[in-house]
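Alright, structures below, take your time with them.
Below, subunit A partners subunit B and then partners subunit C, in two separate complexes.
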Partner chain A sequence: MQEAMIKRAKELLADGSVDRVIGWKRGEFAYDITPAVFTTAEELDRDFVCDDFTAANVSKYLVKETQKEGKILAFLKPCDTYSFNQLVKEHRIDREKVYVIGIEGGPKLDIEKIKAKGITGILSVKNEDYTLKIETIYGTQTMPFYEAILGKCASCKSKKHVVFDELIGEDGDVLDSNRFEMVEKLENMTAQERFDFWRDQLSKCIRCNACRNVCPACTCENCVFDNPKSGIDNKAPADSFEENMFHIIRAFHVAGRCTDCGECSRVCPQHIPLHLLNRKFIKDINELYGEYQAGADTTSRAPLNTYDKNDCEPSVVHERGVE
Partner chain B sequence: MQRIGVFVCHCGTNIAATVDVKAVAEALGHEAGVVIAQDYQYMCSESGQELVKSAIREQKLTGVVICSCSPRMHENTFRKAAASAGLNPYLVEVANIREQCSWIHKDIATATEKAIILGKAAVAKVALNTPLTSMESPVVKRALVIGGGIAGIQTALDIAEAGFDVDIVEKNPTIGGKMAQIDKTFPTLDCAACILTPKMVEASQNERITIHSFSEVEDVKGFVGNFTVKIKKKARFVDETKCTGCGLCTEKCPMKKVPNEFNMGLDNRSAIYIPFAQAVPKVATIDPNYCMMLKTGKCGVCSKVCSAGAIDYKQQDTIIEQQYGAIVVATGFNPIKLDKYDEFAYNQCPDVVTSLELERLMNAAGPNGGTLLRPSDKTHPHTIVFVQCVGSRCDDEKGKPYCSKICCMYTAKHAMLIREKYPDTEVYVFYIDVRTPGKNFDEFYRRAVEQYNVHYIKGMVGKVTPKSDGKIDVQASDLLANEQLHINADMVVLAAAIEPDKTARPLATMLTTQMDTNDFFTEAHPKLRPVESATAGIFLSGACQGPKDIPETVAQGSAAAAKAIGLLCKNSITCNPCTAHSDELMCNGCSSCEKVCPYGAITYIDKEFRMPDRTTKIRRVASVNPAVCQGCGACTVACPSGAMDLSGFSNSQIMAEVDAICK
Partner chain C sequence: MQVNENFEPVIVAFCCNWCSYAGADLSGTNRLNYPTNVKIIRVPCSCRVNPMFILRAFQKGADGVIICGCHPGDCHYTSGNYFTRRRITLLYSMLDFLGIERNRTRLEWVSAAEGAKFAATMQQFTEDVKALGPNRRLEDLRCRKQ
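So, the complex of A and B:
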């Protein structure tokens, strides 16, 4: 697929349809992959990569990219198209300035899961018939492919591209995912158990802001956590348990807009399952206001921004919070 | 440096009995920025206000906190007092220690503690208050009345009388509404048409009144003093300006089997029709559901016979746009559908009718020319049973929880009229209880019982069964005699509950006015502002606000007119300065605020910003029209970046209040 993508990108650059291309390039290690913008065929040939590690959602980059002159080609996986649509809906991305090519999605690999097997000195990782052949400086190792996939891919919600100008490969369907399994488990805990769970998880937070910076729903011109006038920036540190407040405020801010792309948990260096907070909101919205998938389209009104006579009463929401 | 004055009101014993007001003043006196803290018997009295005023002058106060009743009561009083002493009125805050504290607590210690906390929150807020200045916005000197029943007609006439232009929008081909269908009116028994039609004519002849009949309100934008309304004039396929109302087309129309809605479907009309003789405007309308020409293209009789050349089969709906300063809602009511009341056999038996159907059956312009005959076999009924509260005061889903208010009186009227005209008829009325508050109402009911010997029986009818001999078996219980009754009746009349017209619900959304759970429009205050809606510039007239009889409807119609006139008299109105504004540097342009704004006050503009690196960037940012904004604050909570803020209730002020409460 990588070759086909590079070929098509070069064509579109050559005929002037686009001025730039956003995709991924390799870093220091084979698995160390970051989003990158390419402007020439040479750069594409040299650096462009799309493999089992290109999990990063490039939609958010398009906020800044579409503020620039000219048009950009974006390769979007199914999950990325939801974020893209949501940003178009919020007028954060100028749709006219993007040419979207839908590409096949994951499952993508989680290098941490490979390392957790005690495999180090990794040179390359190849998927051969769902067995990973891992070349290391100590020799070749193998492990089953599905044991190394990202958490967000294991509970994939959709293989369908909700927006594209053209496709490379096949379009898929919305899947029956098990993504609310863990949320249900948390719901069934007692309040104390749940508090302990989150206390345990969130206390690992080092406030690196990676979750916020990667989140496609977090594109505010001036984040409330960086804005002294918001009255929130100093709230978190004032609390002895600042991580609580930061992540809860963030979850509230993206509620109803989070597409469940899973990037927050993917980038968290402390492996906090942050997506569970967002999924709880998604589940609640589905249950209280009817099924809603943020980013599925660009026109529908989000349940939290809409008043409807059939909306549940606040007391219903309140009662659910009482043990 | 803040110099805040705190004034704690005793409100006689309303507050002082449960709150230690001296302790509240003492505690708040120690708050940062507070330079004076006093308590007084009645803060709202002249001398109480003088206390505030002299403190502002002598202590050079920068902010005032009044701990008293709800701001809905006296906020204005204290704002005016502050203004007269030279302090910006928006530097006054009211801590509600009465409704939200003293009235709901019994324990003095708890209530006092809470009053202190509420006071502290107000002090924290007032410290962040900024002086605000109201803007002025011009008033368009024209009113719109939605609905042309007796309520709308009365309102329009009164507004026109005061010298302002009024438009009436009526969805039916004629004005007149329900009152035009009624035969006689209680408690005087005069003929409804005789008192209504002169008003209809007066409305049509008044130069200041424009009647848009067969029209509907399509869209409402704007705000008090300056509404822009789109009115859809539905195609009636007849040129209103040419039609003389001669009625020849209605006689010649070959399609005569159309249920006549004016007579409640008890007889038929033609496909081209004038609802009734005194219709205003007296213009024919073609019913496209039945007109052969419009359905099949074959006929054209009306066009041939019309000497005025008024028939236009190609007529389309047209939209007219007009500016208004005030809007009066007078959308009225309808009897509920009785489909769910199988026990009364309404759908099975033609001789079981609703009260409004009975009005038509008894009316001279009705299907029987005023002779009361059974719809089934056109014979004279000898036993008539009236059932009260059909769907009114009902606990279940089928009916309405409220009392429809008019049924007791019109049933007494019907019973009396029947006994007067047909003394050989036995009349039974089954009731839960008879409600007759109103001038000369109880006397009227007693005449029905005592003078006309109407059999009033306390109890509900359980089952109505049509029998093979054409009679109707009415099974009921007499609660006072404690016995089961079977009445062999010829007719049964059901006093169906009334409900607001179905068109009112989408209209309320357009007008951003509130409705209660029964879809009646909600007044701004049930006692003190009964004809105003909570949305400025929108007034309520008649049964759209709650069940009403004709005298009440007319009184309310005139009251709504008075309120509208009061508004239209002004050249400009003072706007509420507590409006939202967006910090453009923080705004993402995401449209969340626009979507939740109930007033349509928010638009988006592409604005050029200079970036730190000297480049410029064009960003989409929200812009609030302060004249439209009502200061509800929905946008401020919807805004993900905190760019939206509300003057007088800023995010930082609310945070400060919360902090003060939690401290």
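So, the complex of A and C:
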């Protein structure tokens, strides 16, 4: 697929229909992939990469990119197209300035899961018939492909591109995912158990702000957490309250707009399952205000942007589940 | 948990200017008692209550937070309280998901004519929070009064 993508990108650059290309390039290690903008065919040949580690969602970069002159070509996986659509809906991306090529999605690999098997000194990772051949400085090792996929890919919600100008590869369907399993498990715990679970998780937070910076729904020019008067501004938490506050408010600010792309949990250096907070909101919205998938279209109103006269009262929270 | 008989909770009540604040006023002019634990903050509309206000109240030492607004359909700004209802339902649900006691948060609709309801609601809510004891799960230790 990588060759087809580079070929098409070069064609579009050559005939002048786009001025830039956003994709991924390799970092220091083979599995170290980062989003990058390319402007020439030579750069594409040299650096462009699309493999099992290109999990990063490039839609958020398009907010800044479409403010510049000229048109940009973006390669979007199915999950990225939801974020893209949501940003178009919020008028954060100028749709006219982007040429979207939909590419086949994951599952993508999580290097941490490979390292967790005790495999170190990794030189390259190859997928051969769903068995990973991992070349290391100590020799070749193997592990099953599906044991190393990202958490967000394990509970993939859709392989369908909701927006594209052309496709490379095939379009899939919306999947019947099991993504609310863990949320349900937590809901069935007692309040004390839930509190202990989250204290355990959130106390790991170092306030690196990676979750906020990667989140395609977090595109405010001035973030509330950057305000020194907010009481929890951009600094390491000094009290457990600050971790709670940051994560509750961040999840709340993206409620109804979060497309569940799972980037927050992927980038978290402390491996906090942040997507569970967003999924809780999605699950509640689906249950209380009707099924809603953010980014699935550009016309519907977000659930927190509208109301119904017959909405339930907050007392429903008290009536369900375990205390 | 040991219940401290002398525990007096701090309750923060966000009251909408047009209904609940006037309701509180009415309960006063009618000489109805409601607990002195309740600290009222007047807001132009219940919809003005940002989720951060609620968490901030807990940070600064509140043991319970109650939001009072006009009855659905009676909003001075036509639809503010409908938005409040959705927002606050989701926020309370999230707090519950994080293991914060449910009875520390409440939303009530109190009109300007319901002085008695205001007093009764506050009475009831204060008792509920008193039974829960001090807020320990969502407090900021640096703000704790010695």
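Here is the rule we use: the second predicted complex is superposed on the first by the 301 of 323 C-alpha atoms of A that agree within 3 Å, B and C clash if a C-alpha of one lies under 4 Å from a C-alpha of the other, contacts with A are read in each partner's own complex, and residues count from 1 in each chain.
The criterion applied here is as follows: a residue touches a chain if its C-beta (ideal position, glycine included) is under 8 Å from a C-beta of that chain, and two chains touch if they have at least 3 such contacts.
What you see is a predicted model; the values in this text were computed from it and never measured.
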Could you look at A:Arg301 and tell me whether it touches subunit B, subunit C, both or neither (first, second, both, neither)? first
In the superposed arrangement, which partner chain does A:Asp129 touch: subunit B (first), subunit C (second), both, or neither? neither
Going by the contact rule set out at the top, does A:Asn244 touch subunit B (first), subunit C (second), both, or neither? second
Per-residue touch tally on subunit A - higher for subunit B or for subunit C: C
Would you sort A:Val224 into first (subunit B), second (subunit C), both or neither based on which partner it touches? both
Going by the contact rule set out at the top, does A:Asp15 touch subunit B (first), subunit C (second), both, or neither? neither
Could you look at A:Arg92 and tell me whether it touches subunit B, subunit C, both or neither (first, second, both, neither)? first
Touch test for A:Glu170: subunit B only (first), subunit C only (second), both, or neither? neither
Based on the superposed arrangement, let me know which partner A:Glu193 touches: subunit B (first), subunit C (second), both, or neither? second
Both subunit B and subunit C touch subunit A; at which residues? 224, 230-231, 307
Once bound in the complex, which stretches of subunit C touch subunit A? 51-52, 55-56, 58-59, 72-73, 79, 82-83, 85-103, 105-107, 137-142
Applying the document's contact rule, which stretches of subunit A touch subunit C when the two form their complex? 183, 186-187, 191-199, 224, 230-231, 238-242, 244-245, 248-249, 251-252, 255, 277, 280-281, 284-285, 288-289, 303-304, 307-309, 311-318, 321, 323
What residues of subunit B sit close enough to touch subunit A in their complex? 585-592, 595-596, 604, 617, 619-620, 638, 640-643, 651-652, 655
Considering the complex alone, what residue numbers of subunit A touch subunit B? 67, 90-92, 219-224, 227, 229-232, 253-254, 257, 301-302, 305-307
